[in-house]
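What follows is a pair of complexes built around chain A, which joins chain B in one and chain C in the other.
Our next item is the complex of A and B:
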């Protein structure tokens, strides 16, 4: 083999190895999800893989049990306000840090992102006694506060990304053109960053919707969320109904993540109408 | 607050800006006359953008006042100053059409819609962009975007128009076109304009008066011809056009009223005038004032020299000649038909008159 042939051979081998590696990783990530989805259509009364036969029975069973519906409504009732809180605080944090120019900006960034790195169980242990003292434990407020903590870094990240394409001179331009700081915020900052704000909000909602650990600590039977109810059910009734609920949650999460990705990548659209 | 266009003078009164112990701007007093096109010229970090930021209200000065027609506006926020500003990066709102960008300042002033439509249309016609009113800024070329920025900054008849290196991002041809455009635009709206640039030719072409800044200080202020012919110091002489700068080591008055000067390079020159007082002096001779002499020509100062470099640059030829081993000077000769051409190593005689030797503080 000549050196150039050898290089070509190694190049081809390298590409094959890379493809194989990627395939293994994807399998590793996707197989558990696929198994859950497949098991939700099983005709057996317990979780088996692969299922011997197929049915939609478990989806009907989920629909018939009011407790699942109540838990789903709780998840929304908790997810929406915690996403809104996360949007409010996450956006302000991103703006403040992007515009400060202070040497404390970098450490502050780490602080805002910390809830993403810290295990949720630690956050839960920290929040629990505080919320007990505030007499908020087992209320909706308790878990809304908890979930907004994990939502803030998500909004912070997406809004910070939107701000990178946003020169501060746009604000100065608006000011010289006669806009007060508040009008500059509403007429320039919000339109410039709304894609980041909206996709961050969707991610924060999805994070709340999927979250188990804080829900275990901070919800009661009255305020239990879908993931918490799945957890409770796991201990005594391992039926494919659980897989059906998991599949429904998965579908909603995928839709939210897809929407967040689409909004996040959008270019500004012309407002063509004259005034 | 509504100020009549073309009737606004702007005064910086003893303005200074410090960041901690660093002085971005030394105490500065400047008067920009009503309707004047005034350039702030200097290298980067010279304080010209600081001065502009103080005029706009983005930067609060550490001391001094900003006066518009005698009224103190030092503490007034930018949105209530009625100024227009054009930025180097255009700073158009990317999510608004050209029309909505230009309408923005009028909307901020709560003008009625028919008036907005009328004024925006008139302004876009003036900058020849009426046919692109529905486009987004991202769909326009750099020159077009800068014309939109110009229209947006002028549509509400601001008292003063500030421009921060507005053509810095454009290539040379487009820059020259836009210089014409801005100059004509100024002639039409007759606003008071303060124009920041580091390009001396741009300032010369556009501005009535120019202030030269260096290290946060105004070195000299006046029409460019005056700055070129009577530079107050070596920085101004070197910044505006080419200059041969020679260190002065000794000055002897002559009976004729002229002065004999010795330079650190070992040359002996004759100068017509001396600055009133200064310890460190330089002598400046413009390359265009250095003549390459034929024997029949007489000059007060004559030196024989050797050509070491000859660069043909379109209308002129730039020679570097060595007078002795310590001193080389630059000569700029017009490339007229029939003019002598010299090559490296040619022996020549160069000379000049005492009036061509400007002596000034370092």
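Our next item is the complex of A and C:
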């Protein structure tokens, strides 16, 4: 082989190896998810794999237990206001930090991102007595407050990215042409960043929907969320009914992911803002 | 700017300060809680074990994630979108559910043992649950996307002409990789590593489901101090130590790279 032939051969071999490797890693990432879905249709009460037969029995079992439905409704009742609060505070923080040259920008950024870094168990241990003092413990508000703290950095990151993606001179132009700050915000800033705001909100909802540690500390039997109920069930019974619940949650997550992907792929248009 | 700062001040900063104060102030003004933390072998072991696991999970995520990120950065069009979605998919599925899936897979009579037995790789079922291996596999599965995102971002920013220039000037592939590609993607590597490491420090679900009692991570020990022993002052002291470790690692990163952490979620 000539040197150039050899280089081409190595290049092709390298590409094949890279794709094979990628396939193996994707398999590693997806296998546990696939296992859950398969188990939920298994006709065995014990967790055997692969299952000898198929059934919808476990979905019926889930439906028969009102506690699951109550927990699912709690998760939504907590996730939606948490996400809305996170959107409100996260967007304000992103705007404030991106558009001010303040020397406080750096410490404020740290504070806003801190919930991503600080272990949730520490936040929970600090929040619990605070919410007891405010007489909020065991109410929906308690866990909603906790989950919005977790959601704020997610909205902050996505909105900050959206703000960086368009020039601030557009806002300035609107102001120069006589628009009030509020009008500029509603007609220019929001249309230009709404994809970031919406995907941040979805992320915040998903984070609340999946959060366990704060839920363990801040919810009661009345306000328990799905992750908390799954957690309780795991400690005494491993039945395929859990896999059925997990599959239903997976389906919901896929819908959210799809929504986020569609929102994320849309390009912001200043035209709508200008008309 | 005022509302988010007020909200986070009230429900994040003050609670954290409260944890620190409580660790010194209960039952009376005291350092007893810290004496208990630092003189108890079990607690010291929990912290060293947490650092150990965080370190090996970070290394594994980097080793596994770097080629994967390269594949994503090199792919075009639909293939790139598809791989990205599949890599991000786990990020959207519940951590409790995924740890539960590993619990099923790793059981003595679970799928993995069936596979190993049928392939003749082992003679009898092996115990994977309650070992560090189980915990690390579960954690890598959760944290891999966190590593891959900044890596892909740094690889997308690589200027292809630099690589061509290196090749024309006669650099062999390995040298080209080490001297050019690796150096340009270094910010992605450091951001990914610090994000994974810091996240790993606070892990609770995976180690408590897949790990054993003898290798408990810090968050598990802290949660137990409250839920089993109702010992809030001790839990506060343990939390303060874990918080200081987290802050220390962040500061070391900020000092080394001279910049703030860039977090990307897409």
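For the reader, a short list of remarks on this structure follows.
In this section, the second predicted complex is superposed on the first by the 259 of 275 C-alpha atoms of A that agree within 3 Å, B and C clash if a C-alpha of one lies under 4 Å from a C-alpha of the other, contacts with A are read in each partner's own complex, and residues count from 1 in each chain.
Assume a contact is a pair of C-beta atoms (placed from the backbone, for glycine too) under 8 Å apart; a residue touches a chain by one contact, two chains touch by 3 or more.
The model shown is predicted, which means the values in this text are computed figures rather than measured ones.
When the two structures are aligned on the shared chain, A:191 is found in touch with chain B, with no touch to chain C.
By the touch criterion stated above, A:18 is placed in contact with chain C alone, chain B being left untouched. In the superposition on chain A, A:241 makes contact with neither chain B nor chain C.
When both complexes are overlaid on chain A, the residue A:174 reaches chain B alone and has no touch with chain C. When the shared chain is aligned, chain B comes close enough to touch A:183, but chain C does not. In the overlay built on the shared chain, the residue A:213 is in contact with chain C alone; chain B does not reach it. Once chain A of one complex is fitted onto chain A of the other, the partner contacts of A:162 are absent, as it touches neither chain B nor chain C. Once the two complexes are overlaid on the shared chain, A:263 sits clear of chain B and of chain C alike.
Of the two partners chain B and chain C, more chain A residues are in touch with C.
Judged by the document's definition of touching, no chain A residue lies at the interface with chain B and also at the interface with chain C.
Remark: chain B residues 56-58, 77-85, 87, 89, 91-97, 99-100, 103-105, 108-109, 113, 116-117, 134-136, 138, 152-153, 156, 162 touch chain A in the complex.
Against chain C, in their complex, chain A makes its touches with residues 10, 18-19, 21-22, 25-26, 28-33, 35-36, 39, 47-50, 88-90, 92-93, 96-97, 100, 106, 108-123, 125-127, 129-130, 145-146, 148-149, 152-154, 157-158, 161, 199, 203, 206, 209-210, 212-213, 216-217, 227, 230-231, 234, 238, 242-243, 246, 249-250, 253-254, 256-257, 261, 264. Interface residues of chain A, counted against chain B in their complex, comprise 167, 169-170, 172-180, 183, 187-188, 191-192, 268-272, 274-275.
Residue ranges of chain C in contact with chain A, taken from their complex: 1, 3-5, 7-19, 22, 64, 67-68, 70-71, 74, 83, 85-90, 92-98, 100-105, 107, 109-111, 114, 141, 144, 173, 198-199, 201-202, 204-205, 209, 218-219, 222-223, 226-227, 232, 235-236, 239, 242-243, 246, 250, 260-261, 263-266.
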